[in-house]
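Before I ask anything, let me first share the structure, which is written out below as structure tokens.
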């Protein structure tokens, strides 16, 4: 039972996820890593949320070997594993098919930063990945999904700690953070700003992004050494 | 009481239906067949959901004769009966007026496959039927509805087991499956992907369908001999 | 206590209204008439729903005199009174500001009949009234509102018993029926089909109305001597 | 405990706010002033709603000095303080990121007065402020936000008591009123009419505002010496 702590954190976040309204049917999963031990816990595949227990969580190492657990891990496990390897500093990954974020993924559009709600969580637009090739889809599909995610951040010079979410084209969102609770909160914030953006674009298709000085102000009001939000 | 099992399954699914949010007022019904016995159970017409009991379900044979039950069956009964005769391998049919699916039916548009949420349930676009003629509507209307549904699948070469739903033009959706629970789940998945599609088209009216290789990957990841989703 | 029955029916319907989701804040009211006695009961003005009692209902005669009740009746009372005088055969009137129906009223558009959900309740488009003149608004405004409603039906030859709802331009919907429960159900059906129509028009701005033969079939399947829906 | 009354009123309104559906995550705050004493109570920054107590409210004077309370006040405090100084006659200010109102703020559009639901609360369009300059954002940002709000009202000759809300560009709404309950109700009415406006514009992008005579009628039916709505 050496990894009980991340299994518990993983269970709680997977149970929290449907309560946020982000998850229809069973379209969602959360994983939680212990980066020093290079392992992570993830939800088993296709199990109903109301039956999940901490010991159902599957623990794998960063090479993909199961370390603890009897069940088959989520089919999206290789995506999570690759993200932990590529994005240093993240401790939890959340995947949903939340509807408004999916709309941008299906439209093949970045989610633009249109206002301060977005700025409070993401320092700029949420990138949408390129279409995956037949080779990528036909090969190690779930692993390649994360490779394409990492490519979107690297090719555009986006820091995944400042923009902690992505839209996988024709698929849906992934979000991440320093804890499962924060990653779930970020996935929820993503859906909220996607919903706001759809409404905004419906009344103003050419809406401009928030100006850079407003984006910087709001993001750094809450993040980094100059933050002055909250009680800490 | 020879058909108690399908009456119970039918009752449970009819009670489940309003909880999914798919049904406004009393716009919905589920039937469950016993294909070997060539009979099916269906909800009675215009009875409030909170008063339904298993013995209120009406059992008919595939020729339309009532085998068990005192109440008048749903006015849509001939549509269900015809579908059981035409689509071999289905065991339950669900009809709703769920709002986003109805929007596509009213728009006279196929519901395009825009992303993996759709691919996970349906191997391609959900067809919208042609307009029914005055003769079809003036004749055995509910039966003819299913004839037009079957025509949509046959004329386009779509396998109803791989695309287990349809949009009846200016009317609404029907979905089906190997059990009532699965047919209800499919009706819910249909509404979810219709909602996602409306949102997608609002921000990108010319959104492309998901590429064929992504569609194949996701559908066959969950269906058929190569499936690797879930615990089985 | 000679009008206790319509006061009770009126109270129950006014309490039911917020549960339908049709009413935001206190934007809604129901009245119930006793056409033989030429009186009707209506909600008092600006009283919270959770404090309403049957004896708070105000009973007025068709000439506008208060017959029973201590409170000031709803400011919309003259609209209800005029409708009872103009539309023979109705026993209850419901007014809401339900959001999707309001959208058509604000757009100055009739709500087109796009599918069978609409056909099941309304034999054709729901008319939107013309803009009221400064004289009408500056005079007996609430009474004139009903005069303009009646004009919309008479000038277009629409039978208010076959199309039991209207959209008052730049204002919102009124619905009516043979009982308060049926009038509330009709107000709910109106909002549902308005929501479906908004979604339909968003993906197909030129969507055609349902064909006349389909409209006739569905409406008369449920209404009139040839009806075959339900258990009666 | 000299300001217990406004702290209690402030707490109750902050607890009411999430129940209205106006607030996602912790995006919202309410303050309540005692204009004679020139002080106001406001929510502390970044504290979960379910842990708030009256003594957590922070009381500041109109010069920005904390008079009571241990916690750091909301980061939006200078906006509230400036509004109390500029808009004589208001006693409570509410800030939310309610989604439909945010859409207009992000679109940089005034919220037009399209119907009587709007007229009942606001005597004309809700103004959207101009974009704040880098100097304003880089300086006393939250204070300057209110300066830009006041400019929108003064430059257009709008009376903030007759139009008790504003949309801050690329940010979101503020609403105010004579009490916290009324300010929260106004914030809710704002979101409702924004939602109705989005739906209206989706089916009629060129929808005309409600005519002036209708606007005057509905606003003054509920406000000012000629009001005849409610029981008083």
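Think of it as A, B, C and D in the order they're written, each chain with its own count starting at 1.
To be clear about the criterion, contacts are C-beta pairs under 8 Å (C-beta built on N, C-alpha and C of every residue); 3 or more make two chains touch, one makes a residue touch a chain.
All of these numbers come straight from a predicted model, not from anything done at the bench.
S.K.: By the touch criterion stated at the start, how many steps lie between chain B and chain D on the shortest route?
M.R.: 2
S.K.: Could you tell me which chains make contact with chain A and chain D both?
M.R.: none
S.K.: At the chain A/chain B interface, shared numbers over all numbers used: above half (same) or below half (different)?
M.R.: Copies use mostly different positions to touch.
S.K.: Please state the rotation angle, between 0 and 180 degrees and to the nearest 5, that superposes the Cα atoms of chain B on chain C.
M.R.: 90
S.K.: Take the average of all CA coordinates in chain C, do the same for chain D, and state the distance between these two points in whole angstrom.
M.R.: 33
S.K.: Return the distance between the CA-based centres of chain A and chain C, expressed in whole Å.
M.R.: 47
S.K.: Taking each residue of chain D in turn, which ones touch at least two of the other chains?
M.R.: Within chain D, residues 197, 202 contact more than one other chain.
S.K.: Going by the contact rule set out above, which residues of chain D touch chain C in the complex?
M.R.: 114-117, 120, 185, 188-189, 192, 195-197, 199-200, 202-204, 207-208, 210-211, 213-214, 217, 221, 228-231
S.K.: What residues of chain C sit close enough to touch chain D in their complex?
M.R.: 24-25, 27, 44-47, 71-72, 75, 97, 99-100, 102-109, 131-132, 134, 137-138, 141, 170-172, 197-198, 201-202
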